[in-house]
Structures are given as C-alpha cells and as structure tokens.
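Okay, so subunit A shows up in both of these, paired with subunit B first and subunit C after.
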Partner chain A sequence: MSAQELLELADDELILGWRNSEWTGIAPLLEEDVAFSSIAQNEIGHARAWYELAARELGTTADELAFDRRPDEYRCSRLVQLRLVPDWAATIARHYLYETVDAERIAALKESDDPEIAGLAAKIDREEAYHRMHAQMWFERLQDEPRFKAAVDELRPLLEVRDEHTPELAELWEEMTMVRRSVAGATW
Partner chain B sequence: MGGDDDGAALGRGGDLVTEAQVWDALAEIPDPEIPVISLVDLGVIRSVNVSRDQVRVEFTPTFLGCPALEMMRDAIAARISELGADVQIDVISDDSWSTDRITSQGREKLRASGFAPPAPREVGGPQLVQLQSNAFRCPYCGSQDTTLENIFGPTPCRSVRYCRSCKQPFEQFKTI
Partner chain C sequence: MIYEVFRQERKGQAFAHAGSVEAPNEEFAEAYSREQYGRRGESTALWVVPREAVHEIDDFADELQKNYHRVDGYPLKEKLGLARERAGTARAS
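Up next is the complex of A and B:
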C-alpha cells in the first residue's frame, strides 16, 4: 500500500472525525451527542494509526502529516469535507454512505499481504462494527423519509471525488491547525 | 518462557528483577478509566521479557482513539523503573487484543462495580440484532430484562443499557 493510499484513508478518517465532533453539545438527542462524539474519537484514533504508518514511509511524523500540509494537499473524499451541521438528515446520509463504503475498504485491507496493514485493519474493523450498527439503526429509522433519501442521492456521488478541495475544507483546516500554527512546537 | 530461569535476571545495584515481579507490579496498575481493574486484568500486557538489565513489555492498545493509552504506557514505564530496571515498551497495534482477553478475575471485578462485562466474541463479531436483544444481564440485579439505550457511552469501550427490572441504567463493556 503506497503512502498516498494511506493518506487517503487517514485524511478521510481525520476530517470526518472533526466533522462528527461538530455535533458535540448540539445533537438533536443527548444519546446522539454521545454517539457522534464517541465515533469522532474513534475515527481520529484510526487516522493517527494510519498516519503513523504513512509517516514512517515518508520520513516524517503523524502530526506533521495531519496538520502541517496545505488544505489542497489533503486526499480526503469531498463527502467528508462538507460541514453539515445543523442538517441531521444529511449527517445521517453521510454517515450511512461513508460507513458502507469504508466497510468494503477495511474488508479489502484485512486481506492485505502486508501483515501490519492487515492487522491494523482488523483491529479498526472491530471498532467500526459499532459505527456500522449505529448507521444501520438510523438508516432503518429514516429510510422512507424524503429528506433523508434526497440527501443520500445528493451526497453519494461525492464519495469518489478526491481532487476537489472545497472552501469548507480550508475553513476546517484553519480551525484544526490554529493552535499548532500559533504555538511553536505544540503537540496534541 | 522455555529455558528461562525465573530467578536469574539481573536488575541494577544488585537487585534482582524477575518476570514474576514485573507481572506483579503491572497487576497493581489500575486502568485509568475503570480503576477497579488492572492492566493485567484488562489483558493489554501481551508479554514481559527480562534480559540482563532490561525489561521489555509488549503492550496492546484497546481502542485506538482511547485517551488512556498514553497514561497506561507512562504508568507501566514508571512502575517498572521503580523496580530498578530499564524498560522498553513496545506498542503493538495489531489485532491481538479483543475483549475476550479480559481475565475472568477482571470480568468479575467489572461486574461487582456496576460495569456489565463484555459478552464473549462470536464468529463474525457483534450484530445490532444481538445488542437489541435481551441477552445482556444487569450487573446490579442479574435480570436479563435489559434494553439498549445507546451503542455508545462515556468512553469508546462502553455502551449504555437500561434494566427494566431494577429500573437502573448501566454501562455495558462493548465486545470487540
């Protein structure tokens, strides 16, 4: 697996983790406040693990890859770049779409010839199983809801788009890297 | 360890550090988030090797985003240094940790303090239909008349359930 492919994966998880965390404190239900915060924490943990593998290949560090690249160097899908707060239907549509495709990606990585990649993917998959169950539960609840169906149709094509960098990603990057850029040597 | 003499490893200043002593010391380190169980109970210590003046510990993370991981690693390093040995901790991010590695003693300690221990992992992993079933037992009253409140909880490793029998919400360790 090339460093570029690792970065696609890590960038998806990092940016989606940040987007999910935007529901912390303001989700429509307290239970979802807890759920999206927990999912965000997991995704950022997965991002770190993938960045660490990429960093070793590229001779840098996970933090530098996560926070010191320019917004237009990120390889994440356009789907995860979007700021969807306060649209709950679209948020659940993205969650469902992402988890469905991510499940296929993780399943393929578990079969990797590289034992380190396969092992990490298997470990991540144990956690992702709970994200998928959560997405499945909401899908079953909203599947006949017109706003949800429209959001799924609208967002689905964005999954495969990796070469477009939205202004929303640049804005998120500003927020995400603010401390690091303003305090020399700041680490997380 | 095949061929290892358990009493023969050397520490500094004439102190002897044995693998058994290291395991005993690790068994005193509480989990930072669930302090009723130790790191040994949690099953995150994969191996301990003592050779000459160095202790090597293989440590497997639980959940990758768990903020307690660094605290655990630092606590291991500090506790082994107290034994007078140099320590090397290797973090192994492979697939070797699962909740099935929590010891039976650890599971009992969890239950006694109000955390329902994780169900054994089945082939294919956990399914939503199982979580929504009443296969989970309340740690307070033992009833199986419990419902899923939230797949997620206060930390990555926990779900929240509710016992209809004793009207008590409780935390259920996730099976991973």
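Up next is the complex of A and C:
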C-alpha cells in the first residue's frame, strides 16, 4: 500500500471524525450525542494510526501530515468534506454510505501482505463493527423517510470524488489548524 | 422509552444498577448502553431492561413493630452484659 493510499484513508477518517464531532452537544438526543461523539473520536484515532504509518514512509510525523498540509493537498473523499450540521437525515445518510464502503476497504486491508497494515486494519475493524451496527440501526429507522432517501441519493456519487475540493474543506482546515498555526514552531 | 442498565464489573460478581438510557427500541438501547457503560472496559457484561419490566416494591408493612425481624431491632449488647453477669464473667467497668 502506497503512502498516498494511506493518506486517502487517514484523511477520510480525520475529516469525517471532525465533521461528526460537530454534533457534540447538539445531537437529537443525549444518548445519541454520546454515541456519535464517541464514533467521531474513534475515527480521529484511526486517522492518527494511519498517519503514523504514512509518516514513517514519508519521513515526517503524523501531526504534520494531519495539520500542516494545504487544504488542496488532502486526499479525502468529497463526501466527508461537507458540513451537514444541522441536517441529521443527511448526516446519517453519509454515515451509512461511508461505513458501507469503508467496511469493504478495511476487509481488503485485513488481507494485506504487510503484517503491520493487516494488523492495524484488524484492530480498527473491531471498532468499525460497532460503527456499522450504529449506522445500520439508524438506516433501518430512517430508510422510508423521503428526506433520508433523497440525502442518500444526493450524497452517494460524492464518495468516489477525491480530486475536487469543496470550499467547505478549506473552511474546515482553517478551523482545524487555527491553534496549531497560532504559535509557529511550537511543539505543544 | 427508558431502559435501566445493570452492569457487572467482574465475572462472577453481582450486577449492580448503573443508570438508565433513553432509546426508541431495544437495539438503540443496546448501542447506547455499550457506549455509556461498557466502552472503557468498566464492565464485563450489561443487563439492559425496559423500565416497565422492573417491578418496584416499596411498601413493607410493619404494623406491629416486629423489630426483632430486623437486624437493628435486636441489640445484643444489653443481653450480653446480663448473661455475663449471671455467669460471673462480667468485665470490670
């Protein structure tokens, strides 16, 4: 697996984790707030693990890969870039679409010849299994809602788009790296 | 709908009430319970029970003050003192 492919994966997880975390404190009910925030945190944890592997190959650090690239250098799918708050139906549509495709990606990575990648994929898959369960139960609950169906149809084509960057990604990047950029050279 | 959650800290231990979650059905209740009471390795197992399934009993009639049925209604100290006196083994006070 090339460093570029690792970056696609890590960028997807980081940006989706960030977007999902925008629901913290404002989810439709408290229990869901806890659950969805926890999923967001897991995604960022997965991003960190993949960035670390990529960083070793590229001779840099996970933090630099996550925060010091320009927005147009990110390789994440267009799907994860969108700011969907406060549309819960669209958020669940994205969650469901992402988890479905991510499941296939992780399954393939578990079979990787590189034992480090296969091992990490297996570890991540155990957490993703819970995310899939969560996505599936929401899908079953919302699948007959016209708003949800429309959101799934609208978002599905964005999954494979990686070369177009939305203005929303640049805005997110500003927010995401604001503190890091505030003191140049700080090692925190 | 409210579900009551009981958790077991270690295998073999009794389940203790952990709290409750609000969820639209059992599946959501299970997911939310995992999240709130099992994610940090603090539980080996959970029981998730709809609140209606829990029968609360809180009326314990004790009209005749049969306090000898209760541990705190049967003080031993006095009786022990008397018995010691009778046996001639009373402690010097």
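Here are some notes:
Assume the second predicted complex is superposed on the first by the 184 of 188 C-alpha atoms of A that agree within 3 Å, B and C clash if a C-alpha of one lies under 4 Å from a C-alpha of the other, contacts with A are read in each partner's own complex, and residues count from 1 in each chain.
The definition used in the following text is that a contact is a pair of C-beta atoms (placed from the backbone, for glycine too) under 8 Å apart; a residue touches a chain by one contact, two chains touch by 3 or more.
Since we're looking at a predicted model, the values are computed, not measured.
After superposition onto subunit A, the partners subunit B and subunit C occupy overlapping space and clash.
After overlaying the two complexes on the shared chain, residue contacts for A:Met133 are found with subunit B and with subunit C alike.
In the superposition on chain A, contact is made by A:Glu116 with subunit B only, not with subunit C.
By the touch criterion defined above, A:Ala49 lies against subunit B but remains apart from subunit C after alignment on the C-alpha atoms of chain A. When the two structures are aligned on the shared chain, A:Glu31 is found in touch with subunit B and with subunit C. Set side by side, subunit B and subunit C differ in how many residues of subunit A they touch, and the one touching more is B. Of the two partner chains placed around the shared chain by superposition, neither subunit B nor subunit C is touched by A:Val183. Looking at the shared chain after the overlay, A:Arg141 reaches subunit C, while subunit B stays out of its contact range. Overlaid on A, the two complexes show subunit B and subunit C touching the same residues of subunit A, namely 31, 34-35, 38, 130, 133-134, 137. Considering their complex, residues 29-32, 34-35, 38, 130, 133-134, 137, 141 of subunit A touch subunit C.
On the side of subunit B, the complex with subunit A involves touching residues 63-67, 93-98, 125-128, 131, 149-156, 160, 174, 176.
Taken together, the subunit C residues at the contact with subunit A in this complex read 21-24, 27-28, 31-32, 34-36, 39.
Of all residues in subunit A, only 31, 34-35, 37-39, 41-46, 48-49, 115-116, 119-120, 122-127, 129-130, 133-134, 136-137 touch subunit B in the complex they form.
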